[in-house]
Amino acid sequence: MSNLTDITPLRWLMRNPIWGFVVIVFIFFSLMSDHFFDYRNFQNILVQASTIGLIALGMTLVMINGNIDLSVGATLALAAAFAVDVQSWAMFATWGSWQILPAVSLALLVGIALGAFNGFIVWKTGVDAFIVTLGAMLGIRGLVFVYTGESSFYAMNFAYSDFSALSVGPFPVLALIFLFCTLIVHLLLSRSVHGRNTYAVGGNREAAVNAGIRVGPHMMINFMIIGFLAALSGVLLSTQMGAATPNLGRDYELWVITAVVLGGTKLTGGKGDIVGTLGGVLAIGILRNGMNLMQVPAFYVYVILGSILIAVLILDKRFNRATDGGLRL
Amino acid sequence: DTVRIGITQNNVGIDSYQTTYEQAFIAAADANPDVEVIVLDAGGDVARQISQLQDLIQQQVDAIIVWPTDGQALVPAVRNAHNAGIPVIVTNSNIAEAGMDFIAAFSGPNNVQQGIYSAEMMCEALDGEGQIVQITGMPGYTTAIERQQGFDDRLAEMCPDVVQLDIQPGDWNRERAQRTMETFLTRFDQIDGVYSGDDNMGVGALNAALSAGRAEGIAFIGATNFAVGYDAMARGEYWGSVYQSPVDDAEAALQTALDVLAGEDVPKLNYFDTPKITQENMEEFDRPVF
Amino acid sequence: MLLNRLKAGGPAIAKQGILVAFILFMIVFSLMSDRFMTGDNIMSVFRQSAIIGVMALGVTIVVIGGNLDLSVGSMLSFATVLVVDLHDKIGPELAIPVMVLATLCLGAINGFLIGILRLNSLIVTLGMLSAIQGLVLIYSGGQNVDIADQRGTWFAFFGRGSVFGIAAPILIFALLAIVFHVIMKTMPFGRKVYAVGGNPTASVFSGIPRSRVVFMTYLISALCVSVAAIILGSRVMGSQNNVGQGYELQVLAAVILGGTSLLGGAGSILKTVLGVLMLAFIQNGLILMGQPYYTQWLVTWAVIIVAVWLDVAAKRGRLFSPIA
Amino acid sequence: MTELLEPALRLQGIVKTFPGVRALDGVDFEVMPGEVHALLGENGAGKSTLMKVLAGMHQPDEGQIIIAGQSVRVTNPIEAKAQGVVLIHQELSLVPEMSAAENIYLGELPRKAFGRVDWRTLYKSSNAILERLKCNFRGEVTVVNLSIANQQMVEIARALTVDARVVVFDEPTASLTDAEKVVLFDIIRDLKARNVGIVYISHRMDEIFTLSDRITVLRDGSYRGTLTTAETNEDEVTRLMIGRSLDLSRDTAPPKLGETVLDVRDLSCAPLFEDISFSVRAGEVVGFYGLVGAGRTEIAETLFGLRTADQGEILIDGVPVQIGSPQDAISLGISLVPENRKEQGLVLSMNCRDNMTLPQVQKLTSGPFVSSGAENEIFDKYRDKLEIKTPSWRQIVGVLSGGNQQKIVIGKWLSMKPRVLIVDEPTRGIDVGSKAEIHTLLRELAAQGYAVIVISSEMPEVLRVSDRIVAMYSGRIMREFTADEVTEDSLVQAISGIKTADAA
């Protein structure tokens, strides 16, 4: 943000080691797999990364705020269920493909509402967001099962699932939506008053209160944004499947948090950016895709992903020494 | 010349069945010099399975075998493969009705039929009368849903005097099933039969009943005969199950794919036989390897 | 009435938001099901909660020390698979110590990365969660493991045995809870964990070996996991590769319900026991009422929020958060 | 000065209670336009609380706020600002990862369309303010990279963002250097000339008497009276504040010096400090004086095993020692009362007793258990000795007032019975009464045979307690003075880096 002028590419890379890592795995898989370096594969990577990626954008805001949201996977599933189910409601029977519109709108509203609910609880009760959303993660999943009655919904209308196959020139629509949202959230965070206040609230909540920032509603807005993005991600995922399943999005919260932290956002708040998050999302996407292409046995995939996560953390520590002024603490 | 076949499985490692399936599949492929396989695992996540299908399409394999994490949600992805000219063989649990047009063939057991078998065994064990409980697999997964469906429908039809007291999930987890059964035992003074979505959970339920000293009067019926279930049957504690061999399952899938690629006229649905196994006829079967 | 008391600072009991929530909740359940408050049922719930409970004791100590441990779930899978598999290979008397040592090694890795290298505990243990899950699968080749002779082994005692009519898992859980409570409240080590969790910098300035203390908390957590694995392996007489999957969140939920602050420096072992029991009673009570599993999840959602809210409200002396 | 004007602000009968504490008990207070009104009181008297009520951060239980003749309700800081009331906080209230400019305008960043930040206006106006404050940094820098003093200046810059009616400074000089103090006082006089009412809170009497027009004294949350500065003196104010006079004389009895306990030779830790040599004898108080950033704290930290020196030797009782950790230092009999009590000194969530016995908890055992009796004994002894005001040992340290917290830290290290006691800024933010007590205590300790090192940025403090004074500038020792030879002028010269012929 400040002193942009004296940042050399090397120094930038030191501060964002994740992008160095992205480059390394990119080169590695290009050399190791015949199928990796291919623009259609890049499309795949972007589309696949968009699911986690969209939520990660919202998580970046929430985490810079000093909060966390563990309920995103369940929110995604509920939104997907609404997006698919509402299309077949009798009242929209005559709408043709327009029936998709109220369905998607309702799904997104559900996401926003759940986010608002989480945010409101965090604001009013003062209970830690980790706890509130840990509860919500269970509860919203329960709602999914209540709503779907355990089974999957599928879209009668193939127009819905064809949407995911659309592309504009060489770019798949899903990837474009993701990149567009990335740009918007990036601008929001770095240029808007709300975005700057996000850093303020996370960096020093007391100072933010003292400065008259209405911390409660502010946090609630960020929870609504992540609710919206999780729902959007669910809608897009359901277009890829033409269906919604009740177990959709299990464990996604952990992957999202991983991507965001890999991107340099601090769990304690006040620090992080979208550029880093994008790097974290791509790193995971490329690793997943590359390991598929290289046929790494499933059992080893767990070990490799876990170890890389820790390795990146160690690298980050090396480059960004904690600011304890050389004190041995 | 060699054919390249990609397979994406449901969730290897979650239980021995799937692991044994994978090993048998790789062994069968290795035995055939003309086959090269790409083995992937979706870890139970539909979205990841869809990505894997995309990756396989992008690698232009000759055929794709898929063990659906969810029969409904995979339809568009299977359709993509179909449109890309790659034949798709569905294995183990079937894809939804809407996707049948896009697959070359299905090979696997019939989970609904298995539920029906279990219901029939239950009626037989209880002489058409009694109170039972059911412990299902992980909620929301096709195999669990289909078995429950087959069981519930057939039970109601065949012996309406058998009352189902409650149905709770055991998540394919023996300890979880054991806990659920313990609570059932507290709640119901009279339990005559237990149906579990697989033997792993069935043995958990049996454990609970044994500890409570109430195993004597209860008929335990499961599905997917596991070695522990087989042994319990041999001890006379376990009434019956459905015998399903992952090795047959895997070999059938590979063979179906090869037949499709060879241009043979393959029927859409290829069920392999999953017979009832009970204390009486168990000698006819080998002890499961898992 | 409760609220007025809360506002007034109130009697000691009102400060114990969790205890109040627990009692309210037990009363409601007793009214809803006549099987609930029976000796058998209570014993059964105690026994069932021992596995999660023992793990929660260790995690409570980690959390008081200012960190998190999400790796306990796959560590439990690891330990259970190992002890059950080795049981038939080298006998229980060797299998148990080998498994405990191996599990402690995993704890030591956590402790090294978090205590000594000072990496973020959430992410490290998340990475370990995944890596250990892989290790288990590689070790077992993805196969279930079972103990062949289920009747003849003394290993059965830990999960199925009893002493004076009290089930062994309950005894083990109770014993560990008391031991750790005593350690945390009355021994120098406990004091140090609270200090390090409360303010790591000030602890170092007071000559407390912060790295070593954090390292030890992870060893304790691993030790608890290995005890839980013995109970689990013995109770089930077999193991799956993913037995512990999802346990990390249940354990954490129990610790949080017990009022332990995620910020570190505050919390109590005995209240964690309350949290564990509360979660177990929710599951049990709702099944007794014949509710489907998703109702459990919804109720758990509400209970977690309300109970922790009461606790937080009692501590700050007002119901709603003062932030605007 | 007190012309017959409408007061800029008036507080009437303000009552504010916190659970268990009646922080303000019917306080009246007023500020005239163009007046500097000092607010005085012991630690915990309620000064900050009163100002927070004024700034909308706390709602009073009773009483009213009258601004320009109108009774107003301020429910949040933005409303207060809109009324022209600006509060400069006692504790730094900055967001470390944001730029100075954003911090100055925190909560009311200039906007363009679509909620975008108007960066150009932001930087332009904040740089103008920083220039007015003669700061040598610009609005673009990130706050973490600023020194504590400069961070304080950013905090102060907030006062200049609006046309204020009343500006409250809550202990603004606690971490400013003399040069910046001069600028601050100029700013205050400038505001005053523009008819702004100023509330000035400080524990430093000299500042109060140079700056203020009137003085209001609080004690235990209640109003004690208002004095006109020109018509009163320090003694009267002190008596109003603490109920007695202070004996500020120094005991002149020559110290009974023992052997050399601590001997430091050519210790370096570049670039923080270099070639540091000094020694301390039993029974002696050595003062370290210098500007903030002179490297004194770092020397203390090195002696306490928290930093590794590049070179040099440390001798205790003439024996060279290696100090690799605080545990080593403690076992050698070194104690350090750190500079920042909240971050380094105390575990705020722990109770008073446990904090005090923390370094020796491993030893205070009977069997494997911590001995409650032994702990209470230590706590009771130092509570009485240091006159710590707390209802019981169970009280959480975080809710004590600053002075009492500091005494807990001092008690903690005294109870270790150290050979060498190092105290770093022992009286920062502490009221005059407690300060005098701490000074007396340090003298007594020396008399009992301790070797004491006092690091301080306050000249009167160093002059009052030290037998010898080491003057530091920029990581080096400039000169050593004995108590007899030191003069204020020579000391100021030494710490400003001006070498004199007879430098040490």
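A, B, C and D are the chain letters, set down in written order, and residue numbers restart from 1 in every chain.
By definition in this document, a residue touches a chain if its C-beta (ideal position, glycine included) is under 8 Å from a C-beta of that chain, and two chains touch if they have at least 3 such contacts.
It should be emphasised that the depicted structure is a prediction, and the values quoted were computed from it without experimental measurement.
Could you let me know which interface, A-C or A-B, is made of more C-beta pairs in contact?
Answer to which pair has more contacts is A-C.
Measure off the straight-line distance from the CA centroid of chain A to the CA centroid of chain B, and report it in whole Å.
34
Averaged over CA atoms, how far is the centre of chain B from the centre of chain D? Could you give it in whole Å?
Chain centroid spacing, chain B to chain D, equals 71 Å.
Compute the distance, rounded to whole Å, between the mean C-alpha positions of chain A and chain C.
It comes to 29 Å between the two C-alpha centres.
Measure off the straight-line distance from the CA centroid of chain A to the CA centroid of chain D, and report it in whole Å.
Roughly 44 Å separates the two chain centres.
Two or more other chains in contact with one residue: find those residues in chain A.
Touching at least two other chains: 145, 209, 214, 298-299, 301, 328-329.
Would you give the residues of chain C that are in contact with at least 2 other chains, written as numbers and ranges?
Within chain C, the residues that touch at least two other chains are 137, 142, 201, 204, 293-294, 324.
Touching two or more other chains, which residues of chain D qualify?
Answer for chain D, listing residues that touch two or more other chains: 76, 306, 325.
Every pair of chains that touch: which are they?
Listed in label order, the chain pairs in contact are A-B, A-C, A-D, B-C, C-D.
Which residues, counting only chain C, touch chain D once they are in their complex?
Interface residues on chain C, with respect to chain D: 9, 182, 186-188, 191-192, 194-195, 198-199, 201-209, 265-266, 317, 324.
In their complex, what parts of chain D are in touch with chain C?
Residue positions touching the partner: 19-20, 76, 304, 306, 325-327, 329-330, 336, 338, 343-350, 354, 358-359, 361-362, 364-365, 368-370, 412.
In their complex, what parts of chain B are in touch with chain C?
12-16, 18-20, 22-23, 139, 166, 168-169, 172-175, 178-180, 182-184, 186-187, 200, 203-204, 207, 211, 226-228, 290
In their shared complex, at which residues does chain D touch chain A?
Going by the criterion above, the answer is residues 57, 76-79, 81, 87, 89, 93-99, 102, 106-109, 111, 114-117, 140-142, 144, 301, 305-308, 325.
Which of the residues in chain C end up touching chain A in this complex?
On the chain C side, the touching residues are 113, 117-120, 122-124, 126-135, 137-138, 142, 200-201, 204, 210, 249, 252-253, 256, 262, 293-298, 300-302, 304-305, 308-309, 312-313, 316, 320-324.
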